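Chain IDs A, B and C follow the sequence of writing; residue 1 opens each chain.
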């Protein structure tokens, strides 16, 4: 497929400097873009790549106008990454091939489920009774949505997603675990994306809640009664334990784990690989990762970590002795 | 739906102080329970919430009798959380709606599988030949049980569970991995729960074994030839590498990883986010997590971790010098 | 089933010392092997087990010839573990029961997919249009391969695998995430194994690439535009974030996480539980794990970790003071 530069700016806006008739055959990263490709500059740290790029055209921020002009055709956009995101959507819409049914005949849908007439349900999905699915929401193949769970509009659920399995609730009684039936459900807002094989458990008594605009990557576990605030994004392999509340506009790096029953404020950013062991009430960037090292160095330093408390006491003793020496006549 | 307080204590026992005729419309957490709800007090640290609770009735331990009486109706139970667990089961049984077939017609079941006549198999499950499934066990949708694996009675397997995929066995030969076929199977005891998208691999030669009463949360990986002892519980995103043996009555926090070929004793409790790098032969509570901090502080401290061994040596040198000073005439 | 020792060495080579007619009923680990079993010695550290083994026959390296001869029948092989791997394959081939169709009738396969006539597609797989699957590749049940993804020859994809879900690409615009459509695909080489419920995302513009001979365990997340080099193996629960390039012949332990946009050289080995926060350009063995300890000790040491930078400064101050003391007249 192809789109002309003219057709692109007609659809998306932006200030084109170059020939409207040039045909764009593909979208490509700045470094590998060839003469048939449109690309974009995400950050000024890639300026050197811009200068030598062979791309047919580059989307740049207003501040890059001069450097871009020296190279060739360009489109000026206030936010080039956002412009590029819209461009991928335009491209995808043009790519769309006909033929997939709105509700795949292999999907198992309870007659008591309420699915918006514009939603799409992929092959081998299982939709149980009482489920509600909003307008323009897309379930790819093999998605399970259990009883009474609610999914908003314009959501994307990728293959293998499980919504509304029982939360992990058990009471310990005489050394054995007794199941606490999970009587809540899951409520998911609008514009939520849920990655492949991610699981969101139903609540114990109240519901588990995912607010509007949340983006979850693959293989994430969301425990029962968790609440995730608007426009928070979470990278793959992350786990959030039960009854934890995460604010809006947070980002959680890959393979984070947030323990249960804590509160994370709005605007908190957690680095990949970090274990969150308590509430975080101030916005900011937080990290807790043992620094990687060659194994031999790690072994020596890790052994010392186990003596840290003792080392601190020894340091204190030296300081005390030094102070007394100085005081001595 | 609704149940009267009288019907509840008739079914579950407990000492009711209040009107048997009061109708309970829902079960609710202590804090949000309204006048139509039954709730429970899990710990004396929530006493303040009890005093102001609007709940129709509260389940309390014998020691809370007086405080509860000052508020309104209550049920005395020796172990309120256990009583509440049984209550959720009673509630769920009353909620049960008719209509789902015992074996969903979309399930793919090998004629050579032996499924107890009381077991329930959900939509789109795949049950291969030689599989045995015990009484009253429930497989939700999309569960795979591979050849020759055995599942006991009263188990719950949630959507996306994979039992008996090949263990990760490869021999390195001239720089390439050669597959070691996995000739064992998986044996799962009675009363085992397995969370959504959790995987339990078949053994290489012997079987992988999950003993009675084990509870596994979602997205857990159990490697080949692992053995998990009775009534051990494991939170989401945890991995157990091959040939490791975990004792009975253990708890493993979320996103733990236990390396292969080690032994964990009975009664070991591992905190969330901890990597277990060797055997643990004494019961107790173990942790290994880099403490989370604001990113700037973490950067400084993490940099110092990489010099820890050197710092220890420098501390020693100072101590030695101080000792010699004191010895000097 | 059974195979005679003679049949085994006729098929696999190796130097048999013992009766060709002896019937092997099972393959077993060295420790538990009984008189009907063939086993192997993987390392000289198990010599004591060899001496007392009741196995019908033991596969050993040339250096073990004498010790093995003192015990009973044995097969000498240059690389006993490799020999044993081939033996499991021979055994599995003899075990194979007839009856499963090459393409299970419940699989949902787009007519535009190109599946080699020798490939096997299990129950309830979903194969979208434009997909290519090579010779002798096996997809177990419930595997999803999305549009335009390519899988080579002799691969094994286990239940629940998701190939080609959208990468996690979003542009932040006025506090909301805007989807970047993922226009690339996934290209998987020959002889690649992909464990249960593992996900490999499609690329944003270019493809995500898994080279020949890569072995991925269960529940692994591979982000968009990742490249994994030949014969690299990765244990369960690991995550690789987008645009990272991993070399050939690497091993990544369980529940590792490698952040995005970094480069890992050939021959890098990462310990289980390690977070890789930057590029690693030299082969070697790397670790970054907080050492596990009893919880009380951990608490004290972890508290001190948060003061490490300060401790270092205090140590420096003491060193400076000591130096000045020595310089003093």
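The rule we apply is simple: a contact is a pair of C-beta atoms (placed from the backbone, for glycine too) under 8 Å apart; a residue touches a chain by one contact, two chains touch by 3 or more.
Predicted model, so just to flag it, every value in this text is computed and none were measured.
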Numbering shared by both copies at the chain C-chain B contact, with half separating same from different: different
Degree value of the rotation bringing chain A onto chain C, based on Cα positions, nearest 5: 120
Centre-of-Cα separation between chain C and chain B, whole angstrom: 25
Multi-partner residues of chain A (each touching 2 or more other chains): 124, 142, 160, 197, 219, 237, 255, 289-291, 293, 303, 305, 307-308, 311, 315, 318, 322
Residues on chain B engaged by chain C in the complex (per definition of touch): 108, 124, 126, 129, 142, 144, 146, 160, 162, 165-166, 168-171, 173, 175-183, 197, 199, 201, 204-206, 219, 221, 223, 237-239, 241, 255, 257, 259, 270-271, 274-277, 280, 284-291, 293, 297, 300-301, 303-305, 307-308, 311, 314-315, 318, 321-322
Residue ranges of chain B in contact with chain A within the complex: 26-29, 32, 79, 81-82, 84-86, 88-89, 91-92, 95, 97, 104, 106, 122-124, 140-142, 156, 158-160, 191, 193, 195-197, 213, 215, 217-219, 231, 233, 235-237, 249, 253-255, 272-273, 289-295, 298-299, 302-303, 305-309, 311-312, 315, 318-319, 322
